[in-house]
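Once you scroll down, you'll see the structures, which are given as structure tokens.
Next, two complexes with chain A in common: one pairs it with chain B, the other with chain C.
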Partner chain A sequence: MKLLYLEARKGILRRSVLIALILFLCLDILKIGLDYRAGEIREVIGNTEGMQAGFAEIYDKVKGPITNETAAFLVGEYRRLSQAVADGTYSRKPQEGTYSGYIYGDYFLIGSYFYSQMSYCVQYSMRMAERLEQERENLKLYQSVGNKSMAAKCSYILQHYADRSISSFYLMDSWESLLQFDFSDLLILLLLILGVAASFTREKETGMTMLLSSSRYGGWPMLASKCGVAISYAIGLTILFSVLNLTVYGVLFGLQGWDCPLYAIEACQDTPFGGTVGQFYLLSCGMKAMGFSILSLLLLLMSACFRRTLYPCILGVGAGAGASYLAGWAASPVWWKGVLAAVSPLTLTRAWNLWSCLCGDWIGNIYFPRITLVLLIQLVLVVGMLWAFKFLLVHAGV
Partner chain B sequence: MWKIEWKKLWFDQWGGILLLLFLAAYAVLCLVSGCDSTKAITQNEAAYLSYMQRWQGELNDQKVSELQAEYDALNHADSREAQDAKAAFMEVYNQYYYAKENPSRRFLMDERGWNTLLTHDGVNFLLVLCLLALCVPVFCGEYSCRMDQLLRSCRNGREALAKYKLLLMAVTAVIVTLLFQGVQFWIVGRTVDLSGLSYPLQSLSFFETSPYRLTIGQAYGLVVLCRVAGAVWFAVMTAFLSVWCRKTVLTLFAGISVSLLPHLLGNSFLKYVLPLPAGLLAGTGYLWGPLTEPHYNADYTEIRDVAIFRGVSPKEFCGLLSLFAAVLLVQLFFTVRRYVGRKAGAGVRIPICAVLLVWLSLFFLTGCSGETQAESVYDFFGNSDHGENGDYMIELDPMENTIYATNRKSGEAVLLNRSAFQSQGDIFAIYVTESTCYYAMQNTGGTGEGVWVYGVDLHDFSERLVYSSVPDNTADFWGLYE
Partner chain C sequence: MKLELDAIRKSYGKCKALRGVSATLEDGVYGLLGPNGAGKTTLIKILIGILSPSGGTIRLDGKDTAKMGRSYFDLIGYMPQYPQFYANFTVQEFLSYMCRLKGVKDVGSCIEEALVFVNLYDRRQMRIGALSGGMRQRLGIAQAILNDPKLLVLDEPTAGLDPGERIRFRNLLSKLATGRSILLATHIVSDVECIAKEILLLQKGQLVMQGTPSQLEQSIQGKVWEMTVNRPDGVLLSDSYCVSNMKQQGENFQLRIISDTRPLPGAVPVSPNLDDVFLHTFFRHSEGWT
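Let's look at the complex of A and B:
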């Protein structure tokens, strides 16, 4: 523990890193605030006050458990307003008794934000049942012709998509935005470079390596403590930014809907994940922590390979950009792109892409989700990095 | 001293090799990124270029009558070739419509190359990294081995050395930026036509509202100058950060943050007015003029143009340049002072910090929002909805988006595109071999234009993706890459 603390003092618990961390936390809040104000997360926030008031009034009426009353209210209002604007002769002037102040404004609000989302929630279980029926037929056909691989995929679908329904109505745009928010990932990457990239080179530049290698704890214990600190730093940063993001989004939009299933977000209707949105946020934070931990080990390895701090820093930024590009293929249906994405540690930071749709691969006749492939390859990568550390230590005569 | 510093940077610190590596990487990036174009032009490039050769330049009566005649002729033609030519012609015709509103300032031209060079303002990540790789060791290299103390005790090791180092960094920044610009210009020039240097800037429809009455060549020259100035400023800022942080990792961290974060915060206009090099390094936005996007008004009775990029007027541009020059000079001054070990008094530091803080706060709290949207032109492929082999007769029903294979012996019909969890798209053609039925599907899922081709094995009905032109890489580099 003492070694861990000493290593942390050297690289992370420094004034410069802490100042950068505080600044970046402020920047993170600022970025969410600016996006919020510009209406990029919820469009109506960028609209007029009347529209916002109308939105709030309607939302208050319909949010919560889906009942016959809420559904009937929305259908009735949508029909009434559709008829009112259908022939284009509706009044363009402010109207009493409207939600937003204008007839078309009400029609726009109900049509854009509530009606389609409510019909998605209500019809989801029925539509999914139809699709599962199709998959059952597919399973029979594939079994009859001896196609085991396709039958395995059908079985996977039937197992993971059964008994689905959405019982509550909440607007999930804020959750969707939070789950896709990746500005903090860039900040974490930069902070990792600041804290980890100089772990070994700092000692080489000051000639301390020789001294350390001759001490009792200068070999494996020192390496283990450096790895431990790098991983703890990555996990700590991920937790810090995740909690901050959740808090800021919670303050701006509220956390309602956290217990809805993930497929209540329309963009995730095909997700194989059966848990709630809150559980998925925890899962995505865990995956991020894992991805950044592996990336911090990679930065540590780079630091061990060079004598000057400049190179691991530049290479670290390059590796971050390259890993980000490869991670863009996380959900690609093309197999070799999927494999390349699995090589990138940053693919683990893209839980949204990996889980929002059915994305899987086969090995022989076994069907498994893409995340399994990513985890397997990342495990191989970690083992490879540990082997490389051993090689470097032996090479250095420790 | 100059020679020694020069040798240290380019040879001892592997600067030359680093630069070549970065230039090679940038060349690959430019080749992979390609040029701005539309599908109609890409698929009928020969026809588009032949039209351009005929009518490029200022409009005159003869060109107008020829354009009208061609328009009428293509409208009455039914052949497949004529339809292809029409798609390309309509691109030219749209440009003609734009040009005829102000023929003296708007010429007909192939816009693709210049649009690639002048209408993007994303961060040139490789240039920033290259500048950091070359400039950071100039000061930090000596700090890391404590050589600075030795040097400062020499006769020329104080102000003179600091000035030479700063000059070296500035010259390096100029050379590197010009080389990067040269690589980009060369690759774009080899890919598409870059003629029209002497045409008015407003010939490019993107610059319709630009307040500058320049030729395209002058505008490009101005952009290159801005980028060179931005690179010099960035180099000086790196020196400034080096002498204040004294650590390589801190300087790199601060340099990367300063160059990347302005692109992500607020809207794309913000970076042009912040007193940081990001705006000048991007360069192009100073010439754009206001950009707008149609939006409904409050009561949804009419559509109005809403500014998504405020634009920088020539006067504002001059004002900003003066401000940037002042900041640059302050940084130079403090870099030299700090290097030689003199510290600024509180009477100097506090007002400067206060002014910078107020300036930053003002620009974080103001501005406009939105994004530009690219126009897309869709084309349609030839239809093929029937196929057969020894065992099956296969039919595509484009209305239902289904493919049925009917067994010749048993008469049983089997649905081939069975998966209920497949990508969304419209099937528009099939091709059948003895063992496989291939079907082409146009992506309708909103991830980008493109086609998937799936193959269904006609023995065990397994399905596999055999071709994809759908852009499926969702990486946007945390919002830095548009």
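Let's look at the complex of A and C:
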């Protein structure tokens, strides 16, 4: 443990890295705050105080378990307000007895935020039942014509999408925004480069390479401690930023809805993930930690290949940009784009892309979600990097 | 302790860095002298176990070091050339780190002993970046002796030190020499002149001479001359002879010349020193010297 701590003291527990970390944490909070104030996460926040008060009042009435009363209240209010504004003769002046102060404001609030979301929640189980019925028919058809691969996909859907329903009503826009928030990923990437890229070049620049190599534990144990520190750093950063993001979103929007299923978010209606939003957030954090850990090993390998710190830094920025670009193809139906995305460690940081809809591949007649392919290729990548470390250790004496 | 080098060879492709170096090192300080490219660094890398020789064997107290595995590292200490270490570490942290890498058991007392020995105990909480060059060299010694090595290899340990620090450093080495071999690779002849038990002269990958300082000096007895000449003659002679020293005396120069024959009728033979041996061995035939 002491060796790990001292190894961390060399590159990560330095004043420059800690200052950058604090600055980046502030920047992260600022970005969420600015998005919030601009109404980019929830549009009504950018609206008038009256609209916000109206929004809060209606939301208080309808959030929680979906009951006949809440559903009836929303349907009734929506019909009443639709009729009131239908002919355009409604009053444009402030009115007593309205939520937002204006009749059209109420109509806008209910129509935009609550009615459509409630409809989606209530109708989800019925629409999913229809979908499954369709898949059963498709399965029979594919089996009859001998199309085993498509039959496998249908079987997968029938297995994973059965018995779905949404029993609680919460506005999921904040969760949707949190799950897609990737500004902190950029900050983590920069912090990783700052902390890891000099791991080996520092030894060369300070003339320590020969000294370390001539120590009993200067070979594999030291390499293992460097890898351990890099991975711990990546995991630590991911946890830190994930907790920070969750806390800031929690302060701004509340964390209600964490126990709703992921498909309660309309954009995830076809997700193969059957767990709750909270569980998915944990899963996405775990995947991020894994992706950044692999990226940190890649940075370590780059560091081992050069004599000056500048080169792995530049290459790290390039690799980060390239990996990020490839990760954008995570859900691509084009096979070679999918394979290239799977090569990028940053694809693991895009849990949303991989899980928000059904995205899978076939090997022969076996259907599996894309994440399996990504994990498999990343495993090969890690083994390859370990082999490269061994080669460098034995032949180049890093 | 007895370290035997038996016909050590090392080739990098077609380039032969070491061509059958044989020597025996026992307790005491050994100087390794040689011009750039002589193979000193290659020999050091082989001695500290991070490079395998292409041929030959190294035996430590009769045991083949190639068969000792990583346990060989327990018996050696190494101080690199121009050590910078980690500027953000304190002296104590750095030694603690090196103890872990060397597998030292009693970390606290080993660090304390080493720091007291090199007179850095009071500076143990100081950041390495704030140490002077001399202190950093002493820290280099401290880390090298943490595991109480049988063989201590020092690569250019006094480079960049002022004369006072250099003398202090030499005194440290003298104290360390009991019960272990110290191999001191350097360009600075005066570093080894006073403290070395034997000196090894390496040239183009071959050990061209080995012996005590007086034996080496004896080997060029009658080939070192001194004479006083005027300025134009001094310039002329320094171009055509191997001049080891040129001292101004009023309008004239007193020259110290290394030559197999008397360079001028007025030249008188003088006792050689190690600088003369160094020049005679490595540079006598360069730049058109006779």
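Methods note: the second predicted complex is superposed on the first by the 396 of 398 C-alpha atoms of A that agree within 3 Å, B and C clash if a C-alpha of one lies under 4 Å from a C-alpha of the other, contacts with A are read in each partner's own complex, and residues count from 1 in each chain.
Throughout what follows, a residue touches a chain if its C-beta (ideal position, glycine included) is under 8 Å from a C-beta of that chain, and two chains touch if they have at least 3 such contacts.
None of these values were measured; they are calculated from a predicted model.
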Quiz item: Quick one: chain B and chain C on chain A, clash or fit?
Solution: fit
Quiz item: After superposition on the shared chain, which partner residues are touched by A:Ala20: those of chain B (first), chain C (second), both, or neither?
Solution: first
Exercise. Go through the superposed model and pick first if A:Asn353 touches only chain B, second if only chain C, both, or neither.
Key: first
Exercise. Return, as a multiple of 10 degrees, the angle whose vertex is the Cα centre of chain A and whose sides reach the Cα centres of chain B and chain C.
Key: 80
Practice problem: Classify the contacts of A:Leu3 with the two partner chains as first (chain B alone), second (chain C alone), both, or neither. | Solution: second
Quiz item: Thinking of the overlay built on chain A, is A:Leu212 touched by chain B (first), by chain C (second), by both, or by neither?
Solution: second
Practice problem: Classify the contacts of A:Val334 with the two partner chains as first (chain B alone), second (chain C alone), both, or neither. | Solution: first
Quiz item: So after superposition, what is the minimum Cα distance from chain B to chain C, given in Å?
Solution: 9
Quiz prompt | Residues of chain A that lie at the interface with chain B and also at the interface with chain C | solution = 202, 205
Self-check item: Touching residues (chain side chain B, partner chain A) in the complex
Solution: 125, 129, 132-133, 136-137, 140-141, 144-145, 245, 247-250, 252-253, 256-257, 260-261, 264-267, 298-301, 364, 369-370, 414, 418-421, 423, 452, 459-463, 465, 468, 472-480
Quiz item: Inside the complex, what are the residues of chain A that reach chain C?
Solution: 2-3, 6, 9-10, 14-15, 202, 205-208, 210-219, 221-222, 397
Quiz item: What residues on chain A touch chain B, complex-wise?
Solution: 16, 20, 27, 30-31, 34, 38-40, 46-48, 50-51, 92-94, 101-102, 104-105, 108, 130-132, 134-135, 137-138, 141-142, 145-147, 149-150, 157, 182-183, 185-186, 190, 193-194, 197-198, 202, 205, 270, 308-310, 313-314, 317-318, 321, 324-334, 337, 353, 357-358
Quiz prompt | Contact footprint of chain A on chain C as seen in their complex | solution = 45, 48-51, 70-71, 73-74, 76, 78-89, 93, 96-98, 100-103, 143
